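Both complexes shown next keep chain A, but they swap its partner, so chain B is in the first and chain C is in the second.
Let's look at the complex of A and B:
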């Protein structure tokens, strides 16, 4: 890992050639100064309000679709589903069927996952035209695939005893799953659903840049002519909506005593499962949960109506005609030797960007997480200074993940020289916002016992941190970081679109030239890369557990 | 800056894929109480806030629906629905035109006697796709994107341009600290070799296509001869800022944007300076789909032309439209004017041949 990082940094030119451009500081400062003077004319505020509702509606429907796909496909791609009952027939044939079926289904969901939602958006626009469904599908399809993968892992992680008992007794797969597995995994599935929702809000904002409306669209417009005051108003709106979603999820999880261990889809800790079983009865009676379910359904209905969704466009003759036109112009992909060599070289660059981004995001996220948790942790009340620090860090994290990576890339480009580094660091900043929040939750949920024991033995705060806090959080942090590494591969596309290098830059040029065969090949390369990173990071995560 | 003080007439319509209920700019959220669903008492704060969100979301939608007139267009409208849909990707102050487009749609509706829908789009590739799909009947394209769009739609026609588009120019700019000097002829562009250089958007005629053509004429091959690959900043304003910051030592922008920013005092002459004005070429123009004649009548294209060429500065609304497009006047054009662009685009691999 360290070697990969060092290699990436050296290749990106760090330390070998100048990377800083201090002369660009006034440009960056103008953007930062506008933070305290956002555009606030009544007209612009009304525009922001309406854009916020549209973004929210896209996020709600995109999440709903993702969860629908996630539940169905997640079951089908789980190892548990493919496992034969213990008393199965011919053992060897069964084993081949198990592994084969599981791998094939894995590949099927790997495909939509490797393609960024912005690319999905462009593809869908050329088939469906001006239709709000484009925005919903562009979020729903890739997020559905991610959700399916995570749900499959959660199901596989849930205690399998009751399920296998039912299966051995001859109960069908679907029923055994419904009665024995799903209830055990439910809290984790729910908390991940909320995490996805917050991601979908940000996803809808990035989609706006290709024309899916709402805050992202307005942000793209103001960004084109660098109206920083307008950009800040829109960013604050995004922060508010994300904050609201976060608050809904936290409230629900805390008050319903749902565990918060599986944010970002990481498997639950083993010892936690007793408590999952223990809270089962209270789940049933929880009114907040019921009320939230009602609200969620209402939000979906209202969003369908607000956006004017009409699914019949999907099978309209025109969509079929355009889809077949796109298929003929984009297949077969351009796989000539020259193009393959180019894809390999740029793929390495993309990989390097993703490594730098993931590691930097991890480090920054960790620092922020301890700052955030510093306001509330430990047995004694935190000092005023630490509380202020905690609030500040929380706010910074919120803003960091609300600034779309293309915007971040341009800002960094003011003070850094061109190359892959500004794009990588823009992704790092964005992902640090996400990771910091997830990591802070880990720190906050830490059992205070060991630290308290050390401190009462006379250990200094520093010693307590090093010997009690760090050892129990670092493996989890590393796991989060590895998970985001795969995501950053896909996201290099959006910073590539602003010229930050790698496969994303090539994709931008191919899209501008309507070189569909080239686009197909580049997208395929990104899918392969995502898949490879997924395999590596899954292996490392397994070894960390 | 005129961009912000004119937001007072801003019509808050949203996006190309915007909700069809959010059609008009005159909507106001309906008072919550009128549509508040029945809800039990003593709910936790959480639930009441969420309910309020639902209600407001719904309230807005319904208010929009109530006030939206004939302008509302069903995205899957039957063939008989006569709505003329237009879109534009302006290079200069996109946020102004895209947020004030109601003015343009209303004017054309009145002039043409048909419902006109303006769909704001920010992405070149998306707007070409929409033109090809038939969801946009007429689009304000750049030189290159217009050619790309016509190649994808048989019979599409370039009909109108602004006065300045007949002889459009790009301006090469440089950071003053580089010591790059103004040059008089194309060959002088060779001094940019070995410098950090940025174009604008990949699809831009004035920020990429023609400058790349002129650079090649001067013997500079962009992919190999600069210090590192050239940047694609994404817009002319970003190019100016990045060159002013010194991130890139030189860049190239649309002359109209450059002049407007310089005249508005937004460019620091101590940091960034113009070094070369390119030879002229054709740029922006309206391209119209061939099927409008059968849908709106044989003389429809002529009526569209008349609506634009007849824009009169003495009328406040019409003057505003001219200003939104950064136009002195609109004049006719035809496909033949873009033969050079097409040839250059072919040379640079930006269109399939």
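Let's look at the complex of A and C:
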């Protein structure tokens, strides 16, 4: 890992050529100074409010669509679904149909997942035009695929005894699933749905930059006219929406016994035998859950109305004509030797950007997570200084993940010379904001026992940290870091589109030049690269278990 | 070694311990018996200095807990070893590090970190593990061990700490009768003749009678009786567990 990072940094030009641009410091300072006096004119506030609603609406509808896909596809691609009812002793082996069906269905959801929502957005815009449906589909399709994969894993992880008991009693698959499996997996499914919603808000902001409207779009406009005060108003709006979504998601996810585990695909810490079902707080009588369901439905209705969604666009003759035109002009992909060599070189650069971003985000996130969790250190009340530090760190993390990475990359271009590095660092900041929050949850959910035991036998705070806190958090942090690496390799596209380098930059150029055969090849290269990263990361994560 | 006078602990407005008087001398083996929520764990946390009394006084190894703070308190705590029902070991660490964690009081932070990379004083850790009967587990990951084995690791940790008193909070509650008996024998053997005191909280009164010199009966945060093991009668034990009279404080945290 250290070697990969060092190699990536050197290759990206750190230490070999000038990377800093001292002339840009005054600009950055002016931008930062504007933080204390954001634009507050009534017209601009109204504009911000409208933009906030738009971004929120995309996120809500995108998530709703993703959940619909996730529930249906998640069941279909789960191992449980393809497994026959237990009859006799031989269960796993020699069942080509079972394994084949399961594998094929996995591949179908693997493809949409390999492409970032921004690429989906660009692709859909060229078919549907600037229709609000583009934003919804661009979030819904890739998120639906991810959700399906996670839901399948959660269903497979849920205790299977009750399900198989019903199956061997002759109950059909769907009914057995709804009665014996879904209720057990429900809290985890719900918690993941809310995590997706958080991500969807940030995704909607990024989509805005490439033209879908909303906060991201306004942010890009204000940036182009260098209205830093307006930018800050919009950033604060994003922070508020993200913060609210985080809070909503965390309060609901807390009641699931294993809040953050599902995100990084960590194994269930199941106690005892499969048939022992952990008793969770009754969800049925939970008022907050009820209120959330009502709010969620209301949000969906308002979002449809606000965006003016018209599903018939999908079947309109214009869309069909454009789709067939693009299909003919983008196939076969441009696989000439020159293009392949270029793709390979840029693929390496993309990989380097993702490594730098993931490692830097992991380290920064870890430091921030301990600072945030420092406010609640076991039984002893934290000092005022640490509490202030914890609140400060929380705020920084929130802002870091609210600023869309393309905007971050452009801001970094004030002080860094163009190239892959600003893009990688922007991704690092953004992901540090996300990782820091997830890691802080890990620290806060640690069993205080082992640390308390060490402290009560006279170990110093530093010794307690090294012996009790670090060993229990580092493996999880590493798993989160790897999971985020899989995400950053996809996200290199969005900073690439604003010129930061890698395959994303090439994609932007090809789209601008209507070189659709080139686009197909680049997207294919991205899919291959993300797939490779997924495989490596999954293997390393398994070894961490 | 320990001296509580009218000691009480309140969590908010709920009293967990009320007006407890207790004296424990060197080499004594004292059992705390009583139902869940009687205040046994709270009492032990007073004795190891991780909690201060909100009323009355607690004197530990000659120092009044109300007056010691910071590094002084840590020095005091280094001389008291505690074993817990849930072991409270660090699962992902190897056994040798969990045992060596008993030495943290003697080590600087730097030595502690260095030992995580290259285990220091392995011979001592190995001897301690041999004494509790699992020397071969030295380099295993702690969370792969069974409950009984983990409790032995916790005992080995206390051994390398070389405390003047050992506290044990329900050390055998999650073990089967054979393992429980073995652990109790180990604990009783570590105290007594060596001049080391043992204070152990137990659910099982028979175990307390067999391995301890003195029994302290707790119920609802108060001491019901404090008597030599041979003087404890069935009636006294029954008074602890009788349903309906006083003592609704069921379900205290780690009782």
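Note that in this section the second predicted complex is superposed on the first by the 500 of 545 C-alpha atoms of A that agree within 3 Å, B and C clash if a C-alpha of one lies under 4 Å from a C-alpha of the other, contacts with A are read in each partner's own complex, and residues count from 1 in each chain.
Note that in this section contacts are C-beta pairs under 8 Å (C-beta built on N, C-alpha and C of every residue); 3 or more make two chains touch, one makes a residue touch a chain.
Predicted model, so just to flag it, every value in this text is computed and none were measured.
Student: Looking at the overlay on chain A, is there a clash between chain B and chain C, or do the two fit?
Tutor: Fit.
Student: In the overlaid three-chain picture, which partner chain does A:305 touch, first (chain B) or second (chain C), both, or neither?
Tutor: First partner only.
Student: Thinking of the overlay built on chain A, is A:459 touched by chain B (first), by chain C (second), by both, or by neither?
Tutor: Touch partner of A:459: chain C, not chain B.
Student: Who touches more of chain A, chain B or chain C?
Tutor: B
Student: Touching A:471, do we find chain B (first), chain C (second), both, or neither?
Tutor: second
Student: With both complexes superposed on chain A, which partner does A:339 reach: first (chain B), second (chain C), both or neither?
Tutor: neither
Student: With both complexes overlaid on chain A, does A:418 touch chain B (first), chain C (second), both or neither?
Tutor: In the superposition, A:418 contacts chain B only.
Student: Scan A:387 for contacts with chain B and chain C and give back first, second, both or neither.
Tutor: A:387 sits against neither chain B nor chain C.
Student: I'd like to know which partner A:46 touches here: chain B for first, chain C for second, both or neither.
Tutor: The answer is first: A:46 touches chain B but not chain C.
Student: I want to verify one number. Taking the Cα centroids, what angle sits at chain A between chain B and chain C, in steps of 10 degrees?
Tutor: Between chain B and chain C, as viewed from chain A: 150 degrees.
Student: Which partner does A:134 reach: the first (chain B), the second (chain C), both, or neither?
Tutor: The answer is first: A:134 touches chain B but not chain C.
Student: Quote the smallest CA-to-CA distance from chain B to chain C in the superposed model, rounded to whole Å.
Tutor: 25
Student: Which parts of chain A are touched by chain B and by chain C alike?
Tutor: Touching chain B and chain C on chain A: no residues.
Student: What does chain A use to touch chain C in their complex?
Tutor: Per the stated touch rule, the residues are 379, 449-450, 452-460, 462-463, 466-468, 471-472, 475.
Student: Give the list of chain A residues in touch with chain B in this complex.
Tutor: 21, 23-24, 26-27, 39, 41, 43-44, 46-47, 50-51, 53-54, 56-57, 122, 125-126, 129-132, 134-135, 208-214, 217, 220-222, 224-227, 229-230, 244, 248, 251-252, 255, 287-288, 291-292, 295, 298-299, 302-303, 305-308, 310, 312-313, 316, 318, 322, 406, 410, 413-419, 497-499, 501, 505, 508-509, 511-515
Student: Going by the contact rule set out above, which residues of chain C touch chain A in the complex?
Tutor: Chain C reaches chain A through residues 45, 48-50, 74-82, 84, 86, 88-93, 97, 101-102, 104-105, 107, 109, 112-113, 116, 161, 163.
Student: Okay, in this complex, where on chain B does chain A touch?
Tutor: Within the complex, chain B contacts chain A at residues 3-4, 7-8, 10, 12, 14-22, 27, 37, 43-44, 46-47, 49-51, 53-54, 56-58, 60-61, 74-76, 85, 93-95, 98-99, 119-126, 128-130, 132-136, 148, 152, 177, 196, 198, 201-203, 228-229, 231-235, 237-238, 241-242, 244-248, 349-352.
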